[in-house]
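Each of the next two complexes has subunit A plus one more chain, namely subunit B in the first and subunit C in the second.
After this line comes the complex of A and B, so read on.
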C-alpha cells in the first residue's frame, strides 16, 4: 500500500473488472464535461468568465495544432482529437498533484500507467494511418516501400516505434515523477516535495504538449506531400 | 463534422478490435486468468491489462464526444455567429458611411442652391430698388417740368395783364398830360384817337 499502489480491480461491472485508473478517468472526463457544460450552457456573443476561459483553452489548442499541420482541411479534421488528447493528458497528469490524492488507496494518475498511455498511443497510431489513407488513398502504402522496397522492414519498425515511443515517454515521465514525489513525501513530508511538485506542474504540461505535438506531426507527415 | 465522426469511429473500432483481439489471445494463453491490474509498491505497473486499455479507449472517445457536444460544436457555432455578426456590422457601417456621404452631398447641394437663391433675391431686390429710384427720379423730373411750365404760364399771364394795365394807365396818363398841355383844345374824340395811336406805338416800343 506504500506509494498509493493497490492491486486488484476496484469493482466488477458485470464480468468486466473496473480498475482505479478507469474510475479516475471517469472522474476526469466528468470534470472536463461539467466544465464544458457550464462554460457553453449559455453562450454569449461577448464571452465572459468561464465561457471566455474555456473558449480560450479550446481555441488556443485548436489553433496550435492547426498551425502545426500544413494542410488546412487535415488540421480541421484532426485538431479536435488532438485537443482531446491534450486536455485528457493534462488533466490526467495534474490529477496526481491534487492535494490529498495520495491518501486514496490505489489512486494514481492514469497517465502513470502504461496501459493508458499505450491506449492513447494506439489511438494516435490508427489515426495516423486512417488520416494517411483518407488523404492519399492506396498511394499511402507506397511510403512503406520508399525510397526502395529494401526499406520496408525499417519503415515498419518506424511505424511501430512511433506509438511505442509515445507510450514509454509519457508513462516514464509521469510514473517517474509520481515515484519521486512519493519517495520525497515518504522521506520528508514537508516543504521539500513542494519544489518537485512545482516542477511536476511544468512537467505535466510539457508531456501533454509533447504527446500531442508528436501525434500532430505524425498525422501531418502521413498526410503530407512526401508520400 | 460528419466526416470527422466517420474517421473517429473508424479509429475507435480499430482500437477496440485490437484490444479485444489481444485480450482474447492473452486470456486464452493464461487460462482465463485476468492479470493483476496494478502491482505492489515499488514495481512498475503491469503491462498488457486489456481491460484498462479497452476502458481507456472507450473513455477517451466518450471525452471526445463530450468535447464535441460541449466545446467544439457550440464554440464553432459561436465563432461563426461572431464572424457573421462582425461581417454584417462592417457591411452596415459601410452602408451608413455611404448614407452619410450622400447626406453630405445633398447638404452641400442644398447649401449651394440656397446661396444661389439668396443671390437671386438680392439681385431682385436691387433691381426693384433701382426701378423705384428711376421711377421716383422720372416722376420728380416730370413734376419739375410741370411746375416750371405752370409757373411760366402764370408769369406769361401776369405779364400780359401787366401790359394791359400799363397800356390803360399810360393812356390815362397821356390823356391827362395832353389835356394839361393842350388845355382842352382838341375834342374828346380827337384826343382819344390821338392818344390811342400814341399809346399803341409807345406800347409796342415798351414791350
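After this line comes the complex of A and C, so read on.
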C-alpha cells in the first residue's frame, strides 16, 4: 500500500477477491495482446508497418537469446516466454508513470508488490527445471551432486537463491522508486518528482532487461553441457 | 571492442549479474535462516554466523562455476589475438 491508497479487494468473482493489482495486470495483458493482434492480423510475405517492426524485434530477440544460451533450439523454445516476461515487466514498471495513475485510489504498479514478482520468479524457477529435464532427461538431477555429493547443500541453496534474488530485486527496486516518487510528490509537487520520474523510465527498462537476462541465464545453465 | 567481445557482451553481463545477485541472496537466505534457528533454539548467534558462512561458500561456488564454464567456452579469447594481428 502506498500513501493514501487502500489495499482491499475491488470486487469479487464468486468467492475470489479481485484487487487493483489483478485488474492492472489484466489491462496490461489486454494491451500487449491487442498490439500483438494488430501486428499479426493481416500477415504479408513482404512485411509492412507494425508487422515489419514486430518481425524485426522477434528476429533480434532470437539472435540475442541464441548468443546468450549458445543452443539455438533452446533459445527458440524459450524466447517467447522470456520476451513475454520482458514486455509484461516493462509495461508494469511504466504503468506507475502513466499520467493520472496516481489519482486512482489503490493503484500501484504490479511489480511493486512482491506477490507478483515472486509469481514471475516461480515461473522462471519451474521453467528452468523443465528446460533442464527436457534437455538432459533424468541425468539433469546429477548436477545437484556435482562435482561431489558433499556439494549438495550448496547446490540446493543456489537453486533457492535464484528465485529469491529475482523476487527481491525487482520488488525492491520498483517499490523503492514508487516510494521516492510518492515522498517527493508529497514534499515538492511538480518539478522535482519529474526528474525522478525521468530516471524511473531508465530504471524500469533496466529491471525488465535484468530479469529477462537472468532468467535466460538460468535456463542456459540448466540446458548447458555442464549438466 | 573486438568481435568476440561484442558477441558475448550479453553473456558477460548475465554472468556478472547472476554471480552478484545469487551471492547476495544466498548470504541473506542462509543468514536469516541461521538467525531464525538461533531465536528458536537459543544458540546465541552461532547459527547466524554459520548461515552467513554457508551463504558466502555458496557465492564462492557460484563464482567458481561461472569462471570454469567461461574458461571452457572462451579459452584464451582467441578472437582478441586475431583482431590484434
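We take it that the second predicted complex is superposed on the first by the 215 of 227 C-alpha atoms of A that agree within 3 Å, B and C clash if a C-alpha of one lies under 4 Å from a C-alpha of the other, contacts with A are read in each partner's own complex, and residues count from 1 in each chain.
Just so we're on the same page, contacts are C-beta pairs under 8 Å (C-beta built on N, C-alpha and C of every residue); 3 or more make two chains touch, one makes a residue touch a chain.
Since we're looking at a predicted model, the values are computed, not measured.
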item: Superposition-derived comparison: subunit B or subunit C, residues of subunit A touched; value: B
item: On subunit A, the residue positions that both subunit B and subunit C contact, one per complex; value: none
item: Contact footprint of subunit A on subunit B as seen in their complex; value: 3-4, 7-8, 10-12, 14-15, 18-19, 34, 36-49, 51-53, 55-57, 59-60, 62-64, 66-72, 74-75, 77-79, 81-82, 85
item: Contacting residues of subunit A [partner subunit B, same complex]; value: 1-3, 5-9, 16-22, 25-26, 29, 32-33, 36-37, 39-40, 43, 45, 47, 54-55, 58-59, 77-78, 80-81, 83-84, 87-88, 106, 108, 110, 112-116, 118-120, 122-123, 126-127, 130-131, 134, 175
item: Complex interface listing, subunit C residues touching subunit A; value: 7-8, 10-11, 13-15, 17-18, 21-22, 24-26, 28-30, 54-55, 57-58, 61-62, 65, 69, 73
item: In the complex, subunit A residues that touch subunit C; value: 64, 67-68, 70, 151, 153-155, 157-158, 160-162, 164-166, 168-169, 210, 213-214, 216-218, 220, 224, 226
